[in-house]
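Below you'll find the structures, each written out as structure tokens.
The following pair of complexes shares a single chain, chain A, combined with chain B in the former and chain C in the latter.
Take a look at the complex of A and B:
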């Protein structure tokens, strides 16, 4: 097709606000005048750089870049637009406006993608979010080939992967899935861990009730190893959870395929993580570790080493399952419903109570270290236990115990008991709902008050005790909480040093 | 003797009220500063010291011996340090018996800060004494000097729990130099927290295994031994031998971990066992 010198066109696209893709219209006007290429509509530096990429890509793909005055408007105007995903819609709009590709091609279509100088189409973060927005509005989506594997899992999306700008006129019939070998993402198995029977039991309870867990023990005692195995005994992600979690990963520019294949996310940020890194932030606001751990496990190793203010910011997501970032630009909300596993050394040097190594910490230092994790966070941790360092020669001789799948089966049964009683996550039960859920006989209630007295439990302590007891009863397939459930539950309470 | 505000006093060496036991030292302090009734320092006494980072076992033994001594009118001399020392003073106060705290700082300084409440009680109901002037802060070297006063003020020295290395050794050395008897409470040979006290025994300290033995050693009327029926709980007997974690108990006693957790919780509620700061459980009672 020969390029005309003037014309107008409009191509749909979307831009990210949090994990949502908001529809944006790329309007283009090619008019007579001094040759120029302007982009208006509150784009950031990456959006403005699209001019150079698009100009080169159009030439390299064998099309003509008009020697005319080109104005691109990104509507709606007040919305700030970020990133390189506008390259593809701008290029396509230009080709439509100059009559180099038929306008019908872009009807009911959106386009998102970055173009390289040679005209090839590259991936941008958040392709899944763009895909979801296209599904919601009933549009088909042009985008990079790399995102095809992930986007094919979205039901109802007509995705048109483009190798390069050239291929828009070529064969657009969707190729059969490239039958790429779907990589397996094996979860580490519980049977890899020798000994630690009590810790494995606690993991099982944490998985069945969604409880947060604190492991303390000397370095090398296997805290990380245990925590890493929690996702493997949680039930696999259901379809809705899979998409929710994958979108967060996609927006953060991380690989979403393991999530889409059903693995629960496991995030282990280092204790030097900033608040923005932990709960999200930046401009534009990007999801933090709590959101990447959505529907999965957030593992905080060396919990007392995290900054107190960072730990305090975890309170809102732990309460609401979401984190709301309030910025000058507006409010952005990310999902953040996760199970927290904290790990701590018993003292700063780590060897308190170790049979071999000598601990060098004074009593005052140990107390200060243990008090570093503030009360509000500790109040949301239902299970606490000590993990011992097992001598290497014992590890070989110790029974390894069950594998993850048999524990996962019990967790699933416990969740069925819970859902039959109309409960979802025991860890969020409180007040009257918790008392109702426990269905305690008066005798058991007496045991609870006796325990509360002799263990000096606060009101919150009793709440945590009952939540854990309810989960233990679920694992026992019991409809009501009984005495032995409560007695086991009280042993997972946090203890004074 | 010069009375200061309230119960505060200063005693020069040689003045009435200056404890004669201190004259055994090669360098008796020239002046003592303190609170309470200074006559308590000249009565029959027993110095009790032990580890700061004491295990429930060490604390239980300290309470046992300190409580018995104080209830028999034997003044319990210790250093108000965290752990065994505080437990000794507390047990003596609880049995309304006499006790003397020797501080490594001015007698009016609250050190260690966490013993603030205990020190305030001791100043009113017992004796807090120091050879350092009012307001003197504690320093590295003052602790060893203080230990020599503890050793001298006690007619005998009882070490309830000590690991290795341990500050109680300097106190024991001073006590031996002064010709005082040294007793030690034996612990498990497997427990690093008892290595120091066991070594003292192998070096000649008299092992203290119950209060009648202490009574005999202090020249008091011995109590006829009674052998209380000891319950046959398998876990409890295992924990009496050595403190263990639930996982170890399950392995040693070949029990299911959930059963073990039950049994431990019940024993802990009964007060027979206690949790150590590192997650092990150990017996704290004979019966």
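Take a look at the complex of A and C:
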């Protein structure tokens, strides 16, 4: 079609606010006058750079860039717009306004994507969130081919992948989906871990009840190895969780395909992580590690080495399952329901309580080291246990235990018991609901009070004991908590020093 | 040949060249309060504002480089004045730059940048 010199057009798109994609309208006016290309509507530097990309892409794709005054408005005006995803809707709006593509093509359609100078369409972070918003509003979505694999998993979305600006006209035959699915990386299996029977059992309980877990032990005893195997025994993500977690990954610009194929996230940030890195932040606010671990495991190795203020910021998300970032621009909330697994050395040198090696730390140093984690955080950790160095013979003989799939099967059964009783996560039970859920006989209740007295348990200590006991009973397929469940639960209480 | 003389001869050459390419030169050295346009022409249905730069050597950079962003903004202001004055406000406008490098007494290399910049 021949390019006309004046015209107006309007193309729908969306911009990210947290993990939500908010609808935005790209309005364009091509008018006579001094040649200019202006973008208004509170765009950041990346949005303004769209001018150069769009100009080059339109020429490179064989269309005409009008020698006219072009004004682009991104509505609603007061909302700040970020990123390069506006390139594609701006380019398409320009083509519609100058009559180079028919306007009907863009009806009930949105477009999100970056354009390269040669006109090809590139991926931007958050395509999954844009897809969800399009589904919610009943629009079809034009976007990059790269995102097609992920967006195909969203039910109800009419996705129109574009190779380049050229492919909007004529031949839009969809290429066979490139199978980008790498062969699923095998999750590490529990059977690789020699010995550590007690720790494996604790992992099983943590998986079944959603409890937070602290492993402490000397260097090289296998704390990290154990923690990495927790995602493998958790039940696979259900459909809703899959989308929730994948959207967070998509918004953070990470690969969402492993999550969409059902594997639970496992995040292991280094202890130098900043607060913004852990809980999210920046401008625009991006999800942090707690949100990337949503529906999965957040593993903090060398827990006491994390900055005390970083650790304290974890308390609110652990309580609420979300993190709310409040900024001058507004509030952004990210999901953050995760299981925390901490690993710590018992003391700075690592050998306190080791039967063979001698600890060289003074009492004061050990106390200070332990206090770094802080009481309020420790209160939210139901399971704490010591991981000892295992006998060399076990390693040499390659002693293997149960594999992850059989443990996972038990975890699944335990979750069925719990959901049959109307419970979701034992780790969040407290007060009357917890006592109700335990269904203890008077005899068992006596055992609990006796143990509480002899171990000097606080009220909170009793709560944690009962939560764990409830999960152990679930694993035992028992409807009520019995004496031996309580006694096992006591052993996962770290001696409070 | 002094600087002004050379600039004038450059503009003459540019105007002659533009006429040969089919453009109608309507103004030479059109002045207003915002500055001066070297050549204003009509090419088909477009109003063309032409900036001519002549350089004897590259010691001070190329001629094209001399059309800085500041200069571009000034030319845009001049264009607005002209468009308003001539009543051409629905006419598409184009900014061209012509660079001229003399290589002998009567010979020069001329480079014509059509639509050299937009705003």
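As a convention for this text, the second predicted complex is superposed on the first by the 474 of 497 C-alpha atoms of A that agree within 3 Å, B and C clash if a C-alpha of one lies under 4 Å from a C-alpha of the other, contacts with A are read in each partner's own complex, and residues count from 1 in each chain.
Here is the rule we go by: contacts are C-beta pairs under 8 Å (C-beta built on N, C-alpha and C of every residue); 3 or more make two chains touch, one makes a residue touch a chain.
Bear in mind the structure is a predicted one, so any value in this text is a computation, not a measurement.
Looking at the shared chain after the overlay, A:396 reaches neither chain B nor chain C. After overlaying the two complexes on the shared chain, residue contacts for A:33 are found with chain C alone; chain B is out of touch. Looking at the shared chain after the overlay, A:197 reaches chain B, while chain C stays out of its contact range. In the superposed model, more residues of chain A are touched by B than by the other of chain B and chain C.
By the touch criterion defined above, A:388 lies against chain B but remains apart from chain C after alignment on the C-alpha atoms of chain A. Looking at the shared chain after the overlay, A:328 reaches neither chain B nor chain C. Of the two partner chains placed around the shared chain by superposition, chain B is the only one that A:353 touches, whereas chain C remains out of contact. Residues of chain A touching chain B in their complex: 195-199, 201, 216-217, 346, 352-355, 358-359, 362-364, 366-367, 385-388, 398, 451, 454-455, 484, 487-488, 490-491, 495, 497.
Partner chain C is touched in their complex by these residues of chain A: 5, 32-37, 67-68. Residues 46, 76, 79-80, 83, 89-95, 115, 118-119 of chain C are the ones that touch chain A when the two sit in their complex.
Residues of chain B touching chain A in their complex: 52-53, 82-83, 112, 114, 192, 245-248, 250-251, 257-258, 261-262, 264-266, 269, 275-280.
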